[in-house]
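Below you'll find a set of structures to go through.
Shared between the two complexes below is chain A, which has chain B as its partner in the first and chain C in the second.
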Partner chain A sequence: MNLTLLQSLSRMAWRNLRRNFRRNLATGVAITAGFTAFLLAAGYASRVESVLRYYTIYGLRTGHVTIQKKGSLEMYAIKPRLWSLDENAQSKITTVLATMTQIEKSGRLLKGQGLIGNGCKTFPFIATGVDLDVEQYAMTHPELLKWTPHITKLNIGRPIWEAEANVSPVAVSIGLAKLLGKSKTLDQIDRTQKLSILDCSMPNVRDHFSDDANVQLASGTWDGQLNASDSEMMQLYSTGLVETNSSSIVLSMNQLQSLYNTKNIASYSVWLKDAKDTQSTINTLNEKLGDFANELEILPWNEERIGPYYVGTMRFIVTMVGFIGCVLALVIILSIFNSATMTVIERSEEVGMLRSIGYTRGLVRLVFVLEGFFLTVVSTVFGIIVGLTSMFFVNRSGITFRPPGVEGGLQLILVPNFWVMILATVCVSSLAVFATWIAVSGISKKNISELVAGTHR
Partner chain B sequence: MTVGAPIVELIGITKTYQLGETKVEALKGISLSLKKGEFTAIVGASGSGKSTLLNMIGCIDEPTTGSIILDGVDVHSLDDNKKSDLRNRKIGFIFQSFNLIPVLDVFENVELPLLINPAISAAERTDRVHQAIKDVGLGDRIRNRPDQLSGGQRQRVAIARALAGNPALVMADEPTANLDSTTSFKIIDLMLDLNAKRHVTFLFSTHDEKLMSKVSRKVHIADGMLVGASKV
Partner chain C sequence: MNYLSSALIMTFGLAISHQQTLLAADPSAVDILKDADRARGSAAVEEGITWSVKVDTSGEDGSNSVSYLLKVKGSDALAEAVAPARNKGEMMLFNDRNIWFFKPGLKKPVAISPRQKLMGQAANGDIASTNYAKDYEGTIMATETVNGEACWKLDLKAKAKNVTYDKIRYWISKKDRLGVKAEFLTVSGDVFKLAAFEYKNKLNSGTKDYAFVSKMTITDALNPKNITTLNYESPKPSKLSDSLFNVNNLVR
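Moving on to the complex of A and B:
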């Protein structure tokens, strides 16, 4: 087909949109509305995905890649000593990591449990031990601050990496601090005042829990002894999740290792300069670690066992948005099909004329398919404009909501995803072409003389 | 007007329609020859088979039996695309209800059949369209849309569209049926004029006795059979 013919048919198709203007307008508005709804749903999914992604990678200190002993994801909580990385393993891993230029930062993580007390009462904790430079890197990463302000804005006090050398700092989750009756961090109390031992039988003893920022950590060591240490509450922070907000603490790697009397760690977290390098980094690590890699599990951040919250939530959201997309696609197909069928029936004499003067069935179909295509493209462009405008106003309105399991309110921010827009436009246009093609193909096969005479009906 | 070699030859054409359980024989073994440059009218009452015969000759319907030779080509041997091609190159159609595309102007309507003929260059296409529009006397209406034209003018556009491809045969099924008598005569005069100027073969159907006086050859059809031919 030559370009001039395509131009002429396109011109005719474009002008034909003015015929049956009200029908085409109604179809176009239906497509625009459906497309807008899909973009808003996709905008919400995109926002949630970004929040969870950066929360997992930086907020949970998972990194883009994690390295742990094979089987430790299932067994570490039961027997950490056996399923952790010893100094020898750490040395081998550190040596390899130091050679890889795609890595922005790497660090050690230690996880464990124990009891935290205020002098009168103790509560169970789940601790994360992390090197302070790594903690600073992760917690101040621009992506984390950009996507999770609803979490980071809740932090009270100074971060633990700013602690003076003579302080054993601990960051305590807000819910746990509440249980402990401690509302003040180290900087908020009078540090000149000497620590006093509380009489727990006093009727108003709760009023004195916040007189100091001292907490006691107790745990069984990995070699079977009992150990305890004093720490100063430097910071109150939100984990962002109801599930963990009343049990989590963060402290330096040295403190936690000391509490468990070990030099072992649970895992390495590796942050990359470019997230796209995640899989290639895993491959390189496996290659460079040689036989030792067989004793390890090197996994990406979005592996279900590493980021179960991310994977589970996104699976649900993608399913929901996919379902909405399918329903809208069906509506669009039926709208276009209905409109095209009525148009073709009304214009059957025109089809007969075109066939009479030499237009093949394919060219006749093309005339109508171009109309459906143009109608859809115009409608989707309007859908994008309306969608972006709606997103702008929704984002400006400051609407907050509380997703299940998330601590605090989350502002409803819809993030336009341009790839989704392009993909959705291509899909919707393709569906429109398909629907029109189906609607037209029947009439283009009819007897030409009957079409011209209008006796085919 | 001199006439030449046969453009169309019909040999034993029959057409049978199945309407429910009833078979209707619309054409009953028609054999006919049309020569180049002839101006022929197919004459007959409604339901006599005029339109069916024109549809067969115009390759927009298939005969049940018999063969049609159009400009030396046996139409029966062609597939749908080749028939489309044949219609585009060899036949011009004029319809009773004009069948112009309302969103296209006069030029674009006339250009339609030429667009799908790759043998015609863009410059030649433009020349031919201009010439055809000029020949039908609508040179000053070239950018008008059909709804800005009278019925007679619309039929002139349809004639220009039929002529623009320089076909071997122009066919018209009751081209004046939707026109008043004055305009009808003007249209027939125009067709006669173009027949003389362009030496193009015209074949049209009508049951209007007044128009028949202007036609050089009349083919009478009744009950699907030729009942006689006359030359003026």
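Moving on to the complex of A and C:
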């Protein structure tokens, strides 16, 4: 088929679209609406994916790759001493990490439990111990700040890496600080005042918990003895999740190691310059660590056991968007099929005439398919315009909603995804072509005389 | 039918008369517990008592040993670690059911729970004197023989949440009124720790010698390899000042 003929058929198809304007408009609006809905859902999914991705990698200090003792993901919480990395293991891993140029930052993590007290009462905590330079890197990473302002904006006080040398700083989650009755950080209290031991039987004792920022941490050491240490509340922070916001604390690696009387750590987190190198970095680490790698588990951040919240949430959202996509596909197929079928029936005499002046069955089908294709392309373009405009206004409106488990609510921000738009447009256009082809294929096989006389109906 | 009725009446009558005999013969659970508590450091001497206890733990996670000096007066107690050197100066203050932990370097004492593990299988509440008569609602369930000795088997239920255990099964010898063994239970009634007691120490109250606990062996019910032994030594009356048990005085 030559280009001139195609141009001529395209012009004809374009003109034909205007002949049944109301019907085509209705079909086009249905496609536009469906496409817009899909883009908005995809925009929401894209936003949630980015939030959870960077929250997991930087906010939870997981890194792009984590290294831990094999089996520790299941056993560490029960027997941390046996399932942690000792100094020898740390030395081997650190040596290998230092040789890898694709790594932007790596750091040690220690996790554990205990009790945190206000002088009168104690509450359970889940602690993360981290080297302060690593904490600063992760918590100030531009991607974290860009995607999780709903979490970082709730922080009160100074970060723990800014603490003076004579202070043992601790960051306490906001919910836990509330349970402790301590609302002020170290910078908000008069540090010249001497610490007083409270009379816990006083009726108004709760009013005095915030007189200082001192908290006491108590826990069993890893060799089975009771231990305790003092810390100063430098920062109140939100974990972003209801589940952990009333129990989490973050403190320096040295402090937590001292509390548990250990030099071991739970895991290494490795942040890469380019996230695309995640799998190749895992392969390189396995290679470089040799036989020792058999004693370790080196996992990417989006492995279900490492980022269960990310994996679980995204699985749900992808299913939801996929379902919307399927509904959209069905709507498009039915709309186009219905529209094309009615058009073909109405214009059967015209089809007969075209056949009688020499148009082949294929050319006749092509005219109708082009009509469907143009209708769909115009509708999806409008869908993209309406979708982007809606996203703009939604993002500007500052609507806050509260997804399950998210502390403090999340601003509804929809993020356009260019590749999703392209892919969806291609899919929708293909479906339209397919639906029109099916609708037209029957009529194009009819006898010319039947078509011209209209006796086939 | 008549035989059946007679048998039922006789059985019922015997049961009532046996119950009456039990009630008449057995002292109350509170009295038994008070006597058993006295041999475990509770209120034998009003001015106060001191003793030392060495806590040895062994099991899967290795072994450990810490020695404490105990000072007890009424429902208050102070346990001070005296050895090894790294634990020296650690103190636990028991003000009735409130417990504070303090170690050199802390700015404030830490309020802790009696249920929290002190070391191995021993909870914080195990180290000080026991006052089961006050902390638990006791019921005599049966009479059983333990190590050839006739014992009352008591079921103890915690009166408050801030006591060391929710439920205890406690065997107290009829002859000496000393706790012979105990099973510590979870809220759901599962045994999670077992304890056995020996009484080779004597405490002279000034007027009378009392048997005093010399050894408490605590075994993990799920893993019998995990054993903690509390060896008690040198119980003696001592005039103790009330200020010793003031939490403000822990931070010196």
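By our rule, the second predicted complex is superposed on the first by the 455 of 457 C-alpha atoms of A that agree within 3 Å, B and C clash if a C-alpha of one lies under 4 Å from a C-alpha of the other, contacts with A are read in each partner's own complex, and residues count from 1 in each chain.
As a working rule, a residue touches a chain if its C-beta (ideal position, glycine included) is under 8 Å from a C-beta of that chain, and two chains touch if they have at least 3 such contacts.
Predicted model, so just to flag it, every value in this text is computed and none were measured.
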| item | value |
| --- | --- |
| Combined model on chain A where chain B meets chain C, clash or fit | fit |
| Chain B versus chain C as contact partner of A:Ala275, first or second or both or neither | neither |
| Which of chain B and chain C A:Arg15 touches, first, second, both or neither | first |
| Partner chain(s) touched by A:Val394 [first = chain B, second = chain C, both, neither] | neither |
| Partner chain in contact with A:Val29 - chain B first, chain C second, else both or neither | neither |
| Chain B versus chain C as contact partner of A:Val167, first or second or both or neither | neither |
| Contacts of A:Ser229 with chain B and chain C, given as first, second, both or neither | second |
| C-alpha centroid angle, chain C to chain B via chain A, nearest 10° | 150 |
| Touched partner set for A:Gly220, first chain B, second chain C, both or neither | second |
| Superposition-derived minimum Cα distance between chain C and chain B (Å) | 83 |
| Complex contact set, residues of chain B against chain A | 51-52, 55, 58, 60-61, 80-81, 84-89, 92-93, 95, 97, 99, 101-104, 108, 111-113, 115-118, 122, 161 |
| Parts of chain A lying in touch with chain C, wherever the complex brings them together | 79, 81, 115, 117, 119-122, 195, 197, 200, 214, 216-218, 220, 223-230 |
| Chain C residues within the chain A interface of the complex | 57, 61-62, 64, 66, 87, 90, 98, 101-103, 105-113, 116-120, 124, 247-248, 251 |
| Residues of chain A defined as touching chain B within the complex | 2, 4-5, 8-9, 11-12, 15-16, 18-19, 349-350, 352-361, 363, 447-449, 452-453 |
